[in-house]
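After this come two complexes, each holding chain A, first together with chain B and then together with chain C.
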Partner chain A sequence: MSTYHPVTPEIIAELEQIVGRRYVIHGDSEQLEPYSHDEITEKKYHHLPDVVVRPRTTTEIAAIMKLANRELIPVTPRGGGSGLSGGAVPVMGGIVLATDRMNSIIELDTDNMLIVVEPGVITNDIDALVAEHGLFFAGYPMSLQSCFIGGNVAENAGGGKAVKYGVTGQYILGVEMVTPEGEIVKLGGKLVKDVTGYDLTKLIIGSEGTLGIFTKVIIKLLPRPTEVVDLLVLFPDPETAIGMVSTIMTEARVIPTAIEFMDRLSAHASCEYLNERLPYEKAGAMLLIQLDGNRKAQLEEEYEAIGELCLEHGAIEVYVADNYTTQERIWSVRRNIAEAFMVVSPHQSLEDITVPVANIPKMIPELERLAKKYDIQVPCYGHAGDGNLHATPVKNPNHSLEQWEEMLPQILADLYAATRDLDGVISGEHGIGHKRKNYMSYSVSDASLELMKRIKRAFDPNNVLNPGKIFDV
Partner chain B sequence: MSTYHPVTPEIIAELEQIVGRRYVIHGDSEQLEPYSHDEITEKKYHHLPDVVVRPRTTTEIAAIMKLANRELIPVTPRGGGSGLSGGAVPVMGGIVLATDRMNSIIELDTDNMLIVVEPGVITNDIDALVAEHGLFFAGYPMSLQSCFIGGNVAENAGGGKAVKYGVTGQYILGVEMVTPEGEIVKLGGKLVKDVTGYDLTKLIIGSEGTLGIFTKVIIKLLPRPTEVVDLLVLFPDPETAIGMVSTIMTEARVIPTAIEFMDRLSAHASCEYLNERLPYEKAGAMLLIQLDGNRKAQLEEEYEAIGELCLEHGAIEVYVADNYTTQERIWSVRRNIAEAFMVVSPHQSLEDITVPVANIPKMIPELERLAKKYDIQVPCYGHAGDGNLHATPVKNPNHSLEQWEEMLPQILADLYAATRDLDGVISGEHGIGHKRKNYMSYSVSDASLELMKRIKRAFDPNNVLNPGKIFDV
Partner chain C sequence: MNIIIPIKQVPETSNVKMDPETGTMIREGLVSIINPLDLFAIELGIVLQEEAGGSTTVLSMGPPKAAEALREAMAMGCTDGILLSDRKFAGSDTWATSYALAQAIRKNGDFDLVICGERATDGDTGQVGPGIAAWLDLPVATYVSRLVENRPGSLVVERLVEDGYETLEVEKPCVLTVVKEAAYPRLPTLRGKQRARKTELPVWGAVDIDADPAALGLKGSPTRVVKINTPKVTRSGDIRTAGDPAELEAAVDDLVAYLEKIDLV
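Moving on, here comes the complex of A and B:
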């Protein structure tokens, strides 16, 4: 474990000189509090920084890192604060480096179908801007209303459209970043192909702000689909539902934009919460299938083929939503699951385990076993098309908060062990951060972890950039 | 520079014990010769190994690496030997580790739409096998008749379908590999999403066999398209042709499988070589556009839209090939360019520079300038859809071989400088190997290179795995 130095008045003065007095926050715990947590509510994952700096330029960030590296002060980069693994939490104190002022669109290059932005731009704003030019950013996370693009890249955010379009990282052509030692490096470029040495861009994506601080991001854009259709398909059981994922792709020869899954518990809770009149009582599982494209006739042909295929393979009912109103109605069933369980308890551990798609049905009885063992509910829903499940332990209202906090680590250990035994990993899109750090051995072998630690040391010899995340060096 | 130890009779004996006597080749330069080069013909890029080993199992490879790491003997992994940058050439002598016996298909998992193979399987065999199940491997390199999948992953092979499908790396879900120190590690898995720590799989892809030797590769498959249509479009000049790339995507809203480019010089040479009756004399540039899909009607709609759009934007002529015979006819124009210039001279430097797509037209006059300066021909053709150009200096038959060998380094330096000035890089798919090692500074900054070297040292402290490639540690 590294020994860090305190943030002295001299350090504060130097930081003020770098970014300007008004962009340094310190000494006032009320002002520092918003920088002490992300969207995890449990207090045990929160930690106050000593000081927050809000730089405006790459040069300022480089100067801050040089200072921190010289003085051995931890620096935790922070984007929109919408994370779910504590990645932006300054667990060792020190400096929080907020990127909210790094929020310019640098260049929209329609000829090359890409956009260059600073890390503090809200992802939704990027998509809204490029939409005007018939383009879209396909690495679309679910929280795009609030998240910053820098955080999306740092976490390699997933989301609902990964079946067809892949995750955020697939669209990142390059970055400019500041290393832990304060060097400015450009990785990648306006290039679709590039094999000049190791692919540092890809290594940096998903490194959770531990290897560098992005100062520019180059994003590949696609032509924006003009048509969208959603299908809500009710199945008697999870096996039948999940079996459809590869059947749709190989027999209907369609790759849907999204294939979302809801188990009986999730679907029932959400339908009841919404007072939805779908015949959900009969359904043991539901799939929400989204298709997109540019030709209405083709989409019709595709959804008809998928609907028929589902019915042939045992689906109970297929609902088609080809207009905004009905689309909103069926997506609200999916979107309100977490909300529906808030009525049971606001204490939920939002998980994002990932297993091979074909193993999803085997996961369901494991979750039921877990629920029984701890006398809690564990609804399971999420991105079936890529095996990424939000299996979410929900506190039993009859348990005290102390009981819940005591049992949660054991629940997670059991959940992660079941995931591992089904060839899965503990996180598909939220990241490790410090929430899941102690569980890394469930997904990553000692030999792999050793390689990761060596990479961390190679980039950050003094362990000053976002220490205490992913693993301890 | 590391100091390596010689391959002694004791080392040979130990290698024979590991893999069996019949799978160790040494002492016979005729038998060793095929392992001294890849597909680069120039002798200066060739180097004989001291010994070749042909292991059959992961355990054997681990034992070889432990031995080499202990005894400080360089190991150069070799796949199909179809490389174009010298990546498989044992420039420091020592051991060539041939993966040709690691050639089993381990598992075709249609439920999860993936295949697990050993590194020595010929890429074409993988595609042929999965085709029987309506699937395909979309990371399709051009040389798939001879290349091994291990080499494709090591080089992050590109090829002609990257516009729509991306390069090889996009389809690699995980690998098992042996580290330079002889540890066996599993990276990734049967998972579409995985953010448990650094993405070592993505780092390993394209690392040219310098960070580990693959022993298993997990490949994501897609539904196989049933319909293919090709368009050959003649344009008055490169600017008009290249301008179509983004226009097709944003206005016709189609992402073609391939958009191949041929400049006047390439197209003329190939047409004359083939005695092709296309009105190529009028054309300043050609595009070959391929579309694929599963619905004939949709493809027709798409190619008509693209054809009309091209004519509206100044194309001279559009030829549609929707059957095998005409498709072969127009692809042979593209495929025979290198062959056509063989008539001029067999001495060609196959290059694969990459620039932002919109900068391709600016590259053409640079190549003409280069041709004039050195009194040679530099045809330019390649993958316009992703900016990856085979700008190929061809020896002037009036120059002596000595003259050519003397001027080539300077030609390359000029070519790479022009590429850099247009925001490009020196290699988009062939890799650096040792052919382009001394030119890395044209694409990669000192700070980036330093990070790469640190990663190399972190993985391979004794620099025994494929030394002398990409950079010198």
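Moving on, here comes the complex of A and C:
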């Protein structure tokens, strides 16, 4: 374990020399505060940096890392700050390296169906740009309006479309990055096939900013589907809804783009929050199923097959949204759940467990057991189609804050144990960060963890890049 | 009770981009939707028909693509649809449009009620509903916010007016234009979609509605768009600095004098 050195005025001066005085923030806690947290609201996960630098070029980043190694100062890279595991939080203080100025589109290569961008480009802007060329970026994090592509790659963000298209990492062909020691390396490239040595690209995808800082990202694009249809299906209970996930794929023989699950609590809270008056009170759970394709007639056949199957298996109602108005309306129910629950109680732990798809029905009673045992609510929603559930323990308003804080680690331990017993993992798309690092043993064996630590040491012998994340070296 | 609901397909404009050079909307890539304010008319019509029986016929004048909007309304629960589509209708203003719609309503047969949205989000005139009433020589209640009672020969409705609400009794047949308080639109269901797809959707041209060709399209439209510009804000303020107590005193005195002058105090 390294002992870090303080950020002295001399170091600030050197950082100012590297990136320019305007792009160094220090000494003013009000200005530093936005860089002390991501979207986790609990203060105990926040930590102020000593200094924030906003480099513009790869060489500037390399120089910062060289300085950090020489002086033993921790560096925490930051994208859009929309993370949910603390990846961008400088838990050891030191330098926050913000990538917001590295926001150029370098090249749109339509012949190779790919785009090369800098890490600070907002993910949604990439999709909007390539849409003009009939292409699309299949990575689709839910925070798409604000997150940066660099953060998405670092966290290997999942999101709503993973059932059909997989997660961000599947579309990353290569990166240019600065290593923790300040070397500039290119991994992968504009290639579909590449077995030339270890696949380091895959290794650094999802490494949560602990193995390098991306400076360029090469993204594979797909032909853009022209037609999209969404179904909102109301079920009497969560078991029936969840049970449909595999039935849809195996019996209707269709792989939807997305299958989102909302239990009673989530759907009701969001509908009330939005003043949405669809007959949600009848529903014990809902599925939001999205299909895409290029032929309207085929999509109609597919959604009819799925809709009929849902009705046969006890669905209360199947709503069809095939235009902007209705699609926005039903997706906003799904998108606003987290916000709706913030109104109910700001003390909650947004979890990200993932189990094999066929085991999801077994997870629901476990959550109910948990809610009963601790006398709390555990609303559950998420990307049921890929087994990723955002079960979210919410503080009971009758419990004191101390009670809740004492209780939460036990709740999480129970939740993660249940997940492990169903062959699942503690995080599917939000990452470990410092929020979940004490629970790694629920998903990763000691031997695997030791391998990970050795990889980290090989990349970052001084442990200066994003220390205190995923595990303690 | 037979209800006619004229609707319009409009471009979806919440994500619209403006051309900074010309100041006009970039129409390329825009998707078409049912005029959002027509959804309240559709819902009110369906609710009334579910209670009183009869039919709800959704009617639209537009290109063949407007059939999508009609099928969507039928999926929500309207029993019938009619598309008015003919090159002769192209370029119609609100005068010619309301004439064509009125002719189609006449041609379609007996009816008790016409329900329109308050206005379309693209043209924003709010003239077509009252225009239909004028062509058909029927009473009209605009800005209807609530249907209070459906009586045998009349309707009692509540209207949203500038300083509150007004309750009216209107003899049937009549025309209503409704605001969003009037109803909460339902979502189309799978069964509704299936039914809408199977229902025949007649397409009528100028000949089918016995229209006077001279009263249709650009020829029949007295409106000429001469110039479009962004209105300038004419309001202006007077900001006074009040650095020391004397300045502050003077500023307050001036303000009071001004308010007295315009009879506000």
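Please note the rule applied: the second predicted complex is superposed on the first by the 460 of 473 C-alpha atoms of A that agree within 3 Å, B and C clash if a C-alpha of one lies under 4 Å from a C-alpha of the other, contacts with A are read in each partner's own complex, and residues count from 1 in each chain.
Following the convention adopted for this analysis, a residue touches a chain if its C-beta (ideal position, glycine included) is under 8 Å from a C-beta of that chain, and two chains touch if they have at least 3 such contacts.
Since we're looking at a predicted model, the values are computed, not measured.
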Partner chain(s) touched by A:329 [first = chain B, second = chain C, both, neither]: second
Partner chain in contact with A:189 - chain B first, chain C second, else both or neither: first
Partner chain(s) touched by A:295 [first = chain B, second = chain C, both, neither]: first
Partner chain(s) touched by A:202 [first = chain B, second = chain C, both, neither]: first
Partner chain(s) touched by A:369 [first = chain B, second = chain C, both, neither]: neither
Touched partner set for A:43, first chain B, second chain C, both or neither: neither
Per-residue contact with chain A, leading partner among chain C and chain B: B
Contacts of A:320 with chain B and chain C, given as first, second, both or neither: second
Chain B versus chain C as contact partner of A:282, first or second or both or neither: neither
Contacts on chain A seen with chain B and repeated with chain C across the two complexes: none
Touching residues (chain side chain C, partner chain A) in the complex: 12, 29, 31-34, 36, 39, 68, 72, 75, 184, 186-194, 197
Of chain A, residues touching chain C in the complex: 132, 231-232, 277-278, 300, 303-304, 307-308, 311, 317-326, 329-330
Partner chain A, residues of chain B touching it in the complex: 109-113, 133-135, 155-156, 158, 162-163, 166-167, 169-170, 179, 183-187, 189-200, 202-203, 205-207, 211, 222-226, 243, 246, 249-251, 253-255, 294-295, 297-298, 301, 354-358, 383, 385-388, 423-432, 436, 440, 443-445, 447-449, 451-452, 454-455, 457-459, 470-471
